[in-house]
Each structure stands twice: as structure tokens, then as C-alpha cells.
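Common to both upcoming complexes is chain A, partnered first by chain B, then by chain C.
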Partner chain A sequence: MTIEFRKEYFADERDDNLNEIGKPTQRQDALGHVTGRSPFFDDHLFDGLLHIRCVRSPHHHARIRRIDTSEAERMPGVVRIITGRDVPQNLNTLLSLLDFGIDDEPLLSEKKVSYKGEPVAAVVAESERAARDAVAKVRVDWEELPAVFDVEEAVKPGAPVVNDIYPGNLFIYHGKYDHQKLRFGDVEAGFRQADQVIEGRYQMSPIEQAPTETCGAIAAPETNDRYVVYTSTQALFFSLDTTSKLLKTPSNRLHFIGGTVGGGFGGKVDSLHEPLAVLGTMLTGRPCKYIFDREEEMQVGAPRGAERWYIRDGVMNDGRIVARKFIGYFDSGAYTRLSSYAIIKGVGHLPGPYTIPNVYADVYCVFTNRTPATAMRGFGITGVDFAIEAHMDKVAHAVNMDPIELRILNAYRDGDMKAHRRLAKNTALIECCQVAAEKAQWPISQKARQASSLREGGGERAKIPNFTAIDQNGLVTGFTAGNYARKAKRSEPAAPQSLPTQTPRHDSVPVAPRYEQPVRPQHQPAASAPPPPAPPAQTASDARRTRFSSISGLRRR
Partner chain B sequence: MPVRVETYDRTEDAARALSSSRSARFLGGGTLVMRAVNAGDQSFDTIVRLRDPSFSTIRSEGDGYTVGAGVTMAAVAQSRDLAFLAPVARVVGGPAIRNMATVGGNLFATGNYGDFTVALLALGATVNLAGSSGRGIPIDDFLRDRERHATSLVLSVTVPRPREAGAFRFLKVSRVKPKGVSVMSIATYLPQSGGRVQGARVAYGSMAPHPVRATGVERALDGQALDAAAIDRAAAAATQGLNPPTDAIASGWYRTEVAGVHLKRLLAGERR
Partner chain C sequence: MTIHRGRGFASINYPIGMNLGGDPSQALVHSNPGGKFMVALSSIDLGQGMKSVTRQIAAETLGVPVEDVYVDTADSDTGPHCMGSFASRGTHRVGNAVIQAAQEARAVMLEAAAEELEVDPADLVTDGKGNIHVKGAPSKSITTAEACGAAQFKQGRTVSGRGIFLIPLSEVDPETGEMTPVSCFAHAALIVDIDVDDETGEIDVVEMNSAYELGRALNPRLVEQQLVGGAWMGLSHAAWETTEPYYPERSHGPLDFNTYLMPGPGDIASHHISILERPAPDGPYGGKGPGEMCANPVLPAMVNAVFNAVGVRIDELPITPEKILRGIRANGGAQPQGRRG
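Moving on, here comes the complex of A and B:
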């Protein structure tokens, strides 16, 4: 199949001097894979290797009354049994490395479990079989608790508290709110202006990454009081720092060696195996391996989380979307892992690749008694994109319009202001729709065929709305924002903290754009309101300037 | 307990080792047992092996063949005598599995596996156990009490030679071809005399906890000419008395819906 490039759309964006794009390139690991020589973590053999297996909760939610390991300790081949007491710092949240969120997850739980399969003890034994047999002999006295599996049930008053760190079952954003807000313009005014209001509910299921190689790590003592770790991790330094934190061990004593990952897709960033393997080695002085079996990979390994989205669009009869409101629920499972970050990412993406003058989003990171969710390929975006595009089709049907034409009409164009207050560039959604329609021999109107993302963007569409409706819904106390979302050390229950003065976080007057104006001459799109002032004349040298983007580094505009 | 492997040269010793311990498993080709070992199956801790060469030979006897329990699927596929069973052996697993998987092991395969046994059931084979005096057990009875026979050593299977070419047919239905797991498998043995089916035997795999006879189909075909009307009646009776299981491969509903379709195609000799 020949690849067809449409380089003309970006001809003035970059020089056409790329050496790899469009040319067949052999993956650098392909030769190793097909000859069976790629070294995976489990290919490293150590004399006297010990095997770690975890005792896991059979319940979705239960208090641990007592863990009796005495019989298991006497089993043949058992070297050591590890419980939460042996973990130097037995509480962590992955993104604490970025100072984002509060430590909320133990490596080995001591007081209660909040999802089925949560580890409460680990057996270190001479063989995997011996470890399994000993795991079966660990007696745990459980007190089963009511569990909650639905995101909206979990946020109702009186719902079981999944994660004691977040008593409302909601992650706290910026130390302030129990959800992530996005406010751009005034959606309620938009709905009043609209000819029709179209609503939709969209539900995604969790997806397991299902790598061929299950997650695991081998740790072994090294000279100079160091530990070497071979791991399948996708995020070597992430795993190293997490291990360093949980074991209160300086990172210069940890020698992490990654390499070939036998399939990851996001499921190998949670760093559950490295800390326990190193801890086993510290406690026994011998090399230790901890690896999920297939069942653990499926049941305990963190999937892409489920999402639920409610979308409400205000639409004019000619197809223009004038307001879009999102209420989103991410099912984070029992602990935060990376869902909090996925939401930040997702909210930056709203309202999708469309220019809509009024946008509103409340997105909740909800704790439920399900397997904690984590990264997977574009997480934070893929779920809501499914919801948005399904909703676009619904809108098209409601206004009796061709779905591709609806997208072209509402598509963002170069120079438009996005709801997260960045100017859109290199948009090309219109061109993408046109090519897709052409290839599928899907008839679209002359007007849609002539539309271009390079024209009619910017201008009035580049402005932040004059008025943005803001609110303090979901305000919380007891969390401080100074140090990112850190829970206040000790809030006096007798003297509840007064509500902070309401300081609007979004300016209600036009703000001078912090970004340069788009370079291309702009025209008023036929659809929108009063004509914008003529854009300032730009010179070619302006157009060639580079600028810094926090997302993609230095970019030439 | 670590898993212990016991290897015997004499059949009696292996049979005794197997029957004297409830935590022992017999290792044929290992395609089931070693998978269980790797998955950490704690229900057994001893593996019994047998090195008797006669355990893996195929002998022609009277009006049939005695196939050693240790004969592999690859050996069946290559055997001139067992040419009628070659199409069955060839759809079991991939080449690596067929090189190891044995006739004896297939008798104990659960879930969606054990397609070869479906063929043996349709052909009316008998199962010969170590230490049992005289004749073997009819395969129908063996499968009915399969769990009870787990501590017995199967020595061989005696398969009658089909009376006429074309009387035996087999179909494995899988979503992935050629080596997917069975949605279902169908084996039919329909000997005819005077243009009419006499003594029909029809068996299914994956339609019950173990391979079963489709008695409704057999009744619909017995004494009939194998014409379109009889085939339609057989298809209508395809799942009579059966409650097909729901598993990762297919739902019970789906199996019920498609069983008649596949049976009809097999009986009509349609190419799939």
C-alpha cells in the first residue's frame, strides 16, 4: 500500500527535510525479537534466586483484623514473609514524585483492602511453588465491608469510603476542589441562545493492556551495599524513585537496569514489583524475583480506567454548536495511580477539536472498589474523544445535517482560542474530514469542500470570552494548595477552617493574550458574530520565529 | 511441596504410582499437565511418566486398531492405518502441540479441548485401562465417569475401522483458523446399508462438560436415507437434550444457535 502525504497543508510549517518519515525503517529491536536474543528481565539468572508471591484479598472491600503467618512460615522452602510493617514507608502515590496528590496506597496493606487482589503479605520462598503453597497457608481474618463499584454511587452521601485519604471518594484538585474545573464563557447563556439542547451519556469500560510478558522485576545484592534491579518497567526512573521512596533508600544505592519491555502499553509504569523485589533482597540478602502470573496480570494489573461522560450541547439549527457542557467521572479504582493526571490531560483537550464559544466541564476522579486504573495509550483523551465524536453524530442527526459537514462547520481552525486558553495551530481537522470523505466517496457540499483550517480562524475566535461564569462548587477545606494538593498536616476539628475568600480564578475581563497572534491573515468565519478588527500585518520573519511550548518544546510557528 | 517427577519403565509400576496417590498426575505429552504446572496448579505435586515403548505404538487388531495412549497427534496424522483420523489429529493445536499431545491425554482434556476424543466417541472406541481384566471400557462409559478414572492409567484406545469410506466425518468450528480453540466440534459416523443409515453415532465437543453423543440427531438419522429432508430433521434436533456451556469462546446461546447450521453443512458435505 502506498502512503499518501498531504504535505501541502503544512508546507509553511516546516522544511521538508525529514529523513525517516515515509520510509520503511526496521525497528531496532526486531532482529533481536525474531532471533530470540532480546534480553528480557526474566532472562537474567541468579544463583539462589528466591521467588515472591503475594497474599491477596479475596474481597473487594474488607478490614484486616489479623494476619497469621505462623503456619506459612513453617512451610518447606519459605525464607521470609513480608507484611506492611516491614515496608519502611508504606504509603505512596505514584505522582508524589511530581508533587501531585497525597500518598494514598500502601505497598502491602495493613488495615484494610479496597479492591479484590490487593496484596496484604508477600511470601519469599525457594521456589515459586513453595511460595504458592505458603501463600495458601497464610490466614487472614477479614471483616468484609460494603463495596461500591459505580462512580456515581461512590460520590453519593453515605457511600462506603474506599480510600481513607480521600473520605469523599474524590481526588482533590489543587487543594481546593473535589473535581477539575474548566470554565470558558457562559454555557448557560449559550444554552438559552441555542435553538436546541442535545444531551448524551457515554460509558466506557476498563481495558487491560494484556502484555505478553507479565509485569515483574528481579533484585539482587550488589557490591558497596547497592542493589541491582532488572525490571520490565516502562518508566525506569519512575520505578527507581518510587522504590527509593518506599524503602527510604537513597537512589544511588539502587542500580536499575531496564531494556526490552515485553509489551507495556501503559500497564508497566505502576512500579509495584521493583520495591517488593528489592525489599525481599534487603530482608533475605538473596536475589528475589517478583512477577505477576497471567491471572494476576488480568485481575490485579491496573487497566485503563472506565469513564462516564455526560455531554450537553447547545446547537443552532444551522449546526453551529454554541455551548458544550461536560460532566465526567473517571473510575480511578481504589487508589489514585495516574487517573488524576489523566483528567488534567483530558480537560485540556475539551471540547475536542472544535471551536465552541462557551465550554464548561466538571470532571471527577472517583475512588471505587475496583482495580486501580493507570495509564494506557492516550489515556485521558481516548475515552472522552469517543464520547465527543459519538455525540457529534447525535447532534448531526438532531439538526438533520451530514455528520462530516457538522464537523467541518464546527472544526477548530488555526488561530482559534481553545478552552484551556491556548491558541490552536496546525489544526487540519477540516482537511482530514475532506480527505476522509473523498476516500470514502462520501458526498459533501461544495462549501464544506472549500473550507480550510488555514482560513477564517483567529480574529474574534482568538479571543478569550469577555465574561466567564465561575463558581465555587465542590470547594473543599482541609487541603492546602500551597504545596500541591497536600493534605493539611493537622486541621483543628474544633475550629473548622473558614472558607477561603472567593477569588475568581478566571478573569472576567478580556486578557491580553499571552500567546502571539497567529501569523496568517484571518477572516471572519461566516457563522460567527461581529466582524473582528483586521489582524496586524505580519512579516515573514515573524512567521519564522520559534517559541517555547511546554508540551512539545521548541516549535517554529 | 516442590513438584516431583517419577519415571517408570514398567506399566504396572506407573499405574501403581498413579493409583496410590491422589496428588499424582500422569504426564503424556505435557500439553495439559505442564501448562498446569506453569500456572501454579496446587492440586498435584507428583508427575508420573512411563517409558514403555509399547505405550506409543499403533497396532492393527481384528476389525480395528489399538492406539497406544502415548501416541501423539503428529503420529496419528502420519499413520497410514489411521488415515481416517488424520484430519482430526491435524486440527488439534499447532505443530508444536501436535508433536507432544497424546491420544491418552486428549481423553482427559477439559473445556474446549479434547476434539480428538469427540471423534473417538463417534467411532465407538473402547478405552483400555492398566490392570483391568479383559475387554476395555466403552468410551461413552469412560467419559461419563472421567473424574473417577483420573487415577487410572489409560494404556490404549481401540478404534473400530469404519466400515466404509466416507461414513465418518469430522468438523471443528473455531473462530481463529487453523489453530483456534473450538466453538464446537462435531464427529459423525453414519454407516449405511441399503441406502439407509444404520447405527448412527454423532458426537459433539464443547457442548457439554465432556464430549457427548447427540442422541436426538442419531434418532433423526437412523433408518433414514441421508437426504435433504433427513438432514433438516437432524439439524432441527441438533441440540435436543443439551445445555451448551457459556465460556470465553462462545455463549451457550450462540452454540445452540449455530450447532444445527454446522451439523447441516457437515452432513450435506458442504465445504466451509
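Moving on, here comes the complex of A and C:
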């Protein structure tokens, strides 16, 4: 295990003579951590602490006919049983705080469950043991429904509807399409021009963030009609604002304390524990703790979702990739959480760190009857990077080229136009390839060794293709765009009613950006792009339906 | 039975910060009369070192020793708004907010010092050791503690500062995907050497060699901890972990660490890392964020190494002995692809 800093690279872009930056200063919290004295959320002790355990669905998909809590309520130590009726605003989507997506997930489900482990009731009891015993005595009358687990099965006509908010089992983007598009140049023309076309299918497995400390929160009454919450959250105000929304409680009545967390890796953004802990405290007047046990963390806590990618590359015999097409499916599980957003991040990342003149992607956020997926280290990127880099190896094999030289040949360089139509800057892929090859004594050609991210970019490579093939595949109707991240000057009317959240909108914060303005080339609409369709007339069924906003918020009328 | 050595390569880049922007973070900095500074945040330290890196950034900007700064996070009553610690945004977004807050506090400290020294504040510099002196005249000096004390008790100034960093939200074109996803990217390339047993299908990871470009390494030890741990997580993802071993079937999901497989101490390969630093134009002191991206190259490098060793393409993670053996059988035997280097 060796670490070296290659200071000779990009030395003229750095001032290495700073006082504190670049120093191996010991962590501020090291002493507390290594002596076991750093307080984590679960170290906060309260007299009269109550424990919350959830009643969870044993089925992947089922209607709830009836929940009978009467026997459980008589169990010793049980203080209160909470069901969906007790939750003031029992429908939420995490990114509603950013006006992204529509509320689609209850805190405690009342009508149906869409994944095994979905909570339908919560027992608040004097001890964890009493809570567990009472959970076993809650009787739920289930009507099992057919379930769908495979992303490509879920999007077929007639597939079971996982999430009633999204009847096609697909998240809707921009109020317009059932997937996120990326269109740059004309991939079909690129495939015709190519010497070879190489295809692949890749399946990214779901994994658990597996933090040492499982997700949880402790809530307690604070003086002056406030609630204090000790939490393991990765995003303090995400959790605070989500709690405020679900419990219809002003945010300044919530005092959240966290900041020292036993590992997160993305799995502690979902804010499931804070609202239920505070609700328990509101209903009982006593401190309440709600924490996943390891089994829940593994199977009920949201994992990194599975992804399936199809890649098709048009390649010249000299190794240049001239066209790359992606079809991607993110398995979001039963609810949206953050997968819809990760897809936009992933699309902005395509086609990977390479300059390819023709790029196409259709990426779908699919609902299936499994535990909702959420963020994890590399969210939106890790899966497609696996696909891209496994595919690059196949391309190298097909054109009989060294895999590292293939990367260097196709690598993006400063000044190149990227498929999301911004110029690349501050690139360093080539140098990483060269240093890794040198370390492992993997021989590469002199030409590859002499390549540089700083040279031979830009020029022709900075241009947006003269023609981009546009299509309207996957067009949906009955939805209208809101104004989050909407493309400017688009003519869809904004949703006519007020926003679903009371939190301030981020686009109204008047702050001067302190970053380099991205080079923003003129957007060239393809000749074939038709005008946006007129919003559909309101019908009886529309009145019940939801409305999608741009990236895409859905709104109920 | 034969053991086949294989080498696999992958290179990646990684977007730093929340996609599309629109994700502000704030910081507040103030001193006590003794010239000791407190940074108040609502950001989360997940173990990645949020408190330490913001502490160093604050000390650098203020021009005081790092021991004179502590970071308090996260209490929603005192720490100003932060979107959270995710999407490789902590160092980049919060770091920039801390710089802005510290610059404002530093300006007040220098004004207080200038008044005491009867000089122009523009002529003052800090030595990073707790002293403020006139540029070119080190003898005409005052300690930061004296300056902050004078501000508090004589001049009636608050040595404090507010900071926010916000990259305004980008639009996304529904038709083309045109967008400004992020403002900077980190990079990596990694080579993994493995041994594949063609009788059992088992893999032994022998060694990893990598190069990571992360912008400026604000604290080299924190970078090291991220890269070593992150690459381990990538290894684990590639060939051990999954919550659904027969995905998309839901059965056989692990419930604890006995059945959720991860590499143990005996499975860990030695990993030799080179770090390149190309400062991000808009990063705090050029920093980007090493935390998320370090696992990514390991996954594809591992499947590429399997192909190099035995000629089997593993296109579905995780890599398991079963998949390798089935692939070898389908090919009519192991097909080593030849050594690289």
C-alpha cells in the first residue's frame, strides 16, 4: 500500500506554498473517535425513552383490506400504535423540497403496499422488546396482488401498476417524456460510417450502503413547544424540511442535531426516521427512538438500485469511436426517492470521459415491486461507468488495440464539446491513464505516452454537430411542466396552482455566482423538432391525474 | 486446475457537486475575544473528514493556525442551511462557503489590527502563526488575539463573517439533454491484477495500481483514507456484495453481515496510488472531492481482468465463481488473453 503525490503534473496551475491547505493535519474529531467518546445520535439518553418498531408488509405487492391493532394495543408496554391516518401529510417525495417530482410515497401505507417490508403501522412501546412483541400482534388483512420485478417487464403493457401515481411504471420527465433523452449528432449516421458496430448489455447489481451505524433518530419534547431531534442523517435540512412537511409543523419548531455519523455512503438521505420519531413524540409527549435493526438496514433501507444498460458503439478500425448509443433502465423500486434525479446526473455524464461526435441515450426510471432505491456513493454514475468501461474493453478487443491506448485515443481533452453541449475544461483523464500504466509497467506506445489533456482538444472537436436527430418517442400527454429547471422560453404553461411545499425556492436566492461561467454554445434545434404540443384539454380523468413539471415535478391539480 | 493471472484496466471521470447545481450551503465564522475562531455549519461529517477539511480551509483563509479554529456542525439552531453531505458536494460547496465567510471575518480582523497599529488595513498580512504585520515590516505587528480582543472590547466590531456558495440551477432540455450538470470533474485510471482459478472459479485480487486526479489534495491523509477505503468498496461491489443475489428475483437477500458478503482482511490487495492535482477553477483552493469516485474504476477493471485471465466476459455484477465457471464451460475451457506488462 503506497501513496505518492505526483506534484510535477499541473504544477504551474497550483501554488503549493500554503499554510494549512495540503497539510496532513490530524482530524479535529480523531481523539473522540479513537477513544469512543464522540457522541453519535444513539448516545443521547433520555428518561422515559419509548421505542418505535414498524409493522411491515410480508408481500411484494398487496392491497390492505384492514389493519386490526386491537390485540397489539393491549400488549404490555405498548403506549401507542400509529397508522397512516395519524400522519398529517402522508404522502411525500424527497425531492419535492427542490420542486422535483410528485409526492408518491406514504410514511405509513394505508391502501396498498408495493414492496416487501413497506411499513403500514408503527408501535410505540416502553422497550424495544415490547414493541417487537406488539408488532407481531398487529393483524393485517392483505389481498395479494401480482408483482413485477424486472425493469423491462415492468414497462410492458399490462404489467402490474406498482405506484398509482405513475401508471406506466415510469417516471415522467419534463411533463413530456417517459424517459430522459440525450441527443448529440446522429448516431445512426455514425453507425453507417463505422467499420464495426459493437453491442453489449450490462447489469449493475443492487448493493447496500452498509454503514456501521444503522439509520435512526431520537426525538424528544423541547421547552417552548419545540422538538429536539438527534439524527444520523446525511442532510440535516433535508430531514428537517421533510419532517416539517409530513407533520405540517413549522420548521422552526424542529431543532435537529447531528453531524457526527457512523458512515452514510448515500443511505442516510431518505429521512424516514425523523418524521416518525417526531410524530411518536407528538402523540405520546415522550422521547421516541426509531432505528433500523441490521435486517431492516439490509432489506428495507434503500439500497443502491440495480441498473441495466445497453450500449452500441460505432467504431473505426483505428479505434476511434464515432457513435455511441445508450438505452438505460434504473430500477427505482416501488417509489421515486432519488432515482429520477440520478438519471439526469447520469445522462449529463454520458458518453463517459470520451469525445464522441454522435451520442444518443434514452434512460428510464422504472418502478418495480422492490425496496425503493436511493443514493449511494457514485450515484447515477457507478453503474454506467461499469457498463462503459467493460464495453471499452470489448471495443479494444474488437479492433485489436491496447485497452489503455484506446482510452487515450478517445479521451476528452480541454476545449472539447461534450454531449451535454458544454466545453470540457480542467480535464486529466489522459494523465491518469499514463501514470497508471507507468506504475503497473503496462507498456503503451510512445504516442500514447506523449498525449496530453492540454493539447489537441478544441477546434473541430469543440463544435456542436451541424445536425442532431430529434424525436418524440415516449411522448406523454396530460401533464404540464412546472418551472424547476425548465428550458428557457419553452411554451408549456406552468401548473396553475400553488407549489406543493412551503420551503423557499432555490432559484429565487439572489446570490452572485462565484464560479466560472460555463461556455454556453448556441443551442441548435434540429430542423425536425416539431413545436411543443398544446396542453391537452382538461377531462374528467385529468382532474384526478397528476401533473408533471419539468425535471420533472408532478403536480396534483 | 490452473491459476490464470489477468490484468484489467478502467478509466473514469466523476462530476463533483450536486447535479445541475441549485444546491446552496452556508457557513458562519466568528472569533471570540481571544482570537479563537468558530465555524458554524449544518453539514454532516460521515467519517469523510468534513469537519477537518473545513477547519483547514477556514484557517488558511483567516490566516491563523489550524489550532485556533474549531468547526461546530450540525445543529439546525446555530448552523446555517446546508443541502447535505452527498453528491461529492461537501468539500466543494461547503468549502467555498467557508472561504467566503472567513474572508469577511478576516477583513474585520485586519481592520481592527490596522486601527491598533495605525496603518492602512490593505498593508497588513498574516503569517499563519497568529500574527498580523505590515507587509515588508515584520516588526510592526500585532497578534490575532490582540486584534480580536481590541475589536471586541475597544472598537465594538464583530470579527465574524457569512458565507454561501450556490451554483444556480441549470435547465435541462427535454429534447437533447443539453444542461450544465456540474462545474468540475475528478479523474481516475486503475489497473487490477487478479488470479482466477479455472477449477473453482474463485478470484484472488493480487494488486491494484491507480492514478487519481482530484484537484488539490486539501489534506493528503484524508485523501488517502478515501482512496484506500473507496477502492476496497469498489472491489467489494465487483465481486462480493449484493442485496439481491439472484436479481431480479427477490429471494436469498442477506439479512446481516454473516450473509452479506464483503472482502475480509485476507482478500484485500495491496493498492499503490498516485495522486495528481489539477486544481478546479471554482473549487476551494482548487479542491474537487475524492470521496465518491474512487470506487468506480474498480468494478469494470475487475471484469476486464477476468476476461484477460480466462476469456470470460462478466456483464452482470457481482462476479461470482459460478458465473466464471459457467463462462469457462461455455467457451470450452479457459482462454487466457495474454499478459500485459
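As a convention for this text, the second predicted complex is superposed on the first by the 460 of 557 C-alpha atoms of A that agree within 3 Å, B and C clash if a C-alpha of one lies under 4 Å from a C-alpha of the other, contacts with A are read in each partner's own complex, and residues count from 1 in each chain.
The rule is short, and it goes like this: contacts are C-beta pairs under 8 Å (C-beta built on N, C-alpha and C of every residue); 3 or more make two chains touch, one makes a residue touch a chain.
A quick note: this is a predicted structure, and the numbers were derived from the prediction, not measured.
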Checklist entry - Of the two partner chains, chain B (first) and chain C (second), which one does A:Arg294 touch, if any: first, second, both, or neither? => result both
Checklist entry - Of chain B and chain C, which one touches more residues of chain A? => result C
Checklist entry - Which holds for A:Arg129: it touches chain B only (first), chain C only (second), both, or neither? => result first
Next on the checklist: Is A:Lys248 touching anything from chain B or chain C once the two structures are fitted on A? First, second, both or neither.
Outcome noted: neither
Checklist entry - Taking the superposition as given, does A:Gly77 touch the first partner, chain B, the second, chain C, both, or neither? => result first
Checklist entry - Which parts of chain A are touched by chain B and by chain C alike? => result 294-295
Checklist entry - Which positions of chain A touch chain B when the two form their complex? => result 76-77, 127-130, 132-133, 136, 293-295
Item to check | Residues of chain B that touch chain A when the two form their complex | outcome: 1-3, 39-40, 42
